[in-house]
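Here it is: the structure, laid out below.
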């Protein structure tokens, strides 16, 4: 496995797409040194986007949390989250009525819009079920799993409505040793019981890359050849970036350990253009 | 779809295997008239077994609950449950240490044996995790889903031990309108996160039929041609019975509604030998 | 199930996306009357695109075949095929070497480009295998299944390269009674053997809709609200259109029979905005 | 990873179950030294069975091929094949009419019986399709894949009959470098197209172990504790043996390479009781 020098790789691209968790931050806070990377990008006037499978908060709240962690210049409009795709879907396709959600209040707040009222799954009952026009899974926290996963199952059995997983990940690390079950795995379970498929938003699906690409195109013409996608997960960041036609870089600060990188690339057949230790200059 | 007369069908067999839920009982209690069926079987001296995907209680407790419901003569040794298969596996293959379980205390009690100590997943910590030699999912109740499903995931990530789903069903009906997520679906979710497979016990796997068949053979020689399996679910009762080489009867008092029976048989290709309205003479 | 009048529905949209097979044509030729639909669209100056999971031919050859069938005005640049997405991927991500393919010579011809040489899987041997930088499945015809599917399996076991299914469909109708196994199902089989995932291009993935949408945007600004996607298949056309944020119309001239439409919508939870008998004014 | 001494392990058991391919033989012939193992077993008067996922030939022909390879004493009644389970199913459950098959003439010959006529899928046509009462996949050779896999798909779409995969393996090695697609993977592909499930016979399902166990019990009482299952594949031999309640031994002469054994055990959670280099004393 050939490790490339991060600085000399990014010098070859005009625009950088970053995954968030495992690349810029971890459960311990900022990956040490990534602030220097952003300082360099700003010095060079290079554009960047953060492309994240996260539906737990609005881009504004995501930006605030980067600021608190020490990345002071990341603006909300440079963050593309899978939650934003779910929100666009709801705006375009579910025009009125109630959107039932599983997640925290924070996660529900930002998908509200003029015509749509959000309601936690826990509050669904016989009197309002007929008004529920979509189910959306936003976060694995903020609800009682036993009560509300069962309620979600029965909602989907009784109502012919779209079911949305606003984050397709099956798990996320909570510390050095342990992971937590994420929204994607909960959606798989409900699919097994109900026999209907969730609509999933987020990497590796290419739609999330298109959101960032369109924002770029709105400013100036840019070729996919000039964009680099940096991520720590082969099955989401690298596969998605590859499929969208971008060059990709695997970093070893998150889901893919240095000792496993080569064997996972071979066993999955998902090949990044570059491998670097960290997204750090 | 040709409906047969229940009485004239069972007259053609020496031994009857019954599924429990959806055939003999429902959320409302006994299926009206099944007591007459058992009275007839006993009058005729025909043997029967109840073959159930249930790991929540011992055969003794299952028999008691039949007695309370009004089937007074069903003996524990005529009940074969998927939990008994899980117990045999633990006895033969996991000789010592701790068996961590998800379920109620009742469900754990009967899988205890001389060498094996059971412990709820909630009590696993760094001090005892190294002694845990198996994980077994017995019931969807009796534990905190959020805390303990996450603990089960991390147990399986840290320890190379067998994981057992003692009931493969994905859901069960709780009333006329709603179902509840069952142990089988929870196991699917954990598999998605961890990437390891659970060992599943219960129909449609044929092992559970073999338990009953061996008990029969211990008394006298009996041909599979003389045994009828009666169930309400194509994918478990009928597929399993068919695969084991038994004639099978679908009854329409449980999971398969009269209006759906024909289309489900065609769409799954799982064909019962007979279809009757109910297991009632 | 409410059937809408086709003419009054399309009057509400500026741009129409059509699936091809099952909407415009069938194994018997043109769906009777669709020529009138295109005459109307041209009279009204409305734009349309044909969005098809087809990788067997170039857009030019696809257009010719529409002309031969009687749709004389369909231009190649109004056809978006999953094969074009696969071609873009190869151009951007596989810059040199050999692309091994399964399909006809016609299907391979149009994915050739300056740097890339295509070669049928049948011609791979020990002398050239190290130069093969991608495998692409284009068509279910044009090769010996036994010999070449086995060769493709071993190619993917020996080389860490992207594997592409340029059409995700599992089957297609060949006449009133029978279907044929398609590229998508062959890819599933190879995945089972090799344990690696194919990159799939085509509906329901939204990338193919983005290709058409970008062409539209290059001419003028258009909102997704003004585009209607018309298809005969819930799991590809309608799900993909819905996910991309378009209004969708199910027509009953192809994969979805009038008698099945309602039950399939309920059982899948994939709900079209409109249902019409045919895409015919 | 602790390697045990083969001789001292088998001394602890009364009965040995062997997988065939990868344990006793390979594409190169007999595994060197296994003849000494069988000589020892016979000297000690220990019983053994060969338990193989093979439906391509009768036990008699399988025994002959062992004789030709140099294991002169293996008798047909000591071989249990997945094909025998399929044959029993056909005898018990499909009493008359035609069994359509995919495989060689040899594979079809031994599943014929008094009431059942076998016919290659290639010969199915409109005149006889209504008499076909089962489809059975016996071997990956002996038929035209393109023509006959498509015919099998349409047979299952038109007729509500059981579909049987008489060997669940997805692939088998043909030489040091290459594998061949096996019946199990072909069945997966057909399932994807048709939406119906095949009935699979063979390891890891425990039914095949029960066949051998019943033959043992017919002679004398034997406890599962006294039987050892030896195999080269974790997902079939070891998982199946474990689930049936047997002690298991992984040998490293077939599908599991010495360098991969430990990581595969950890990643699958399928743990053999013993690991030995080869089934050779």
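Going in written order, the chains are labelled A, B, C and D, and every chain counts its residues from 1.
In this section, a contact is a pair of C-beta atoms (placed from the backbone, for glycine too) under 8 Å apart; a residue touches a chain by one contact, two chains touch by 3 or more.
Which chain is which protein? Per UniProt: A, B, C, D = TIGR01459 family HAD-type hydrolase.
Keep in mind that what you see is a predicted model, and the values were worked out from it rather than measured.
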Neighbouring chains common to chain A and chain B, by label: none
So, comparing C-alpha centroids, which chain is the farthest one from chain C? B
So, in whole Å, the Cα centroid of chain A is separated from that of chain C by 27
Computed distance of Cα centres, chain C from chain B, in Å: 44
Quick check: what residues of chain B touch more than one other chain, meaning two or more? none
Kindly provide every pair of chains that touch. A-B, A-C, B-D, C-D
Any idea which chain C residues touch chain A in the complex? 88-89, 92-93, 156, 160-163, 195-197, 199, 205-207, 210, 224-225, 239, 242-246, 265-271
What residues on chain D touch chain C, complex-wise? 144-146, 149-150, 153-154, 157-158, 170-171, 177-181, 184-186, 188-190, 192-193
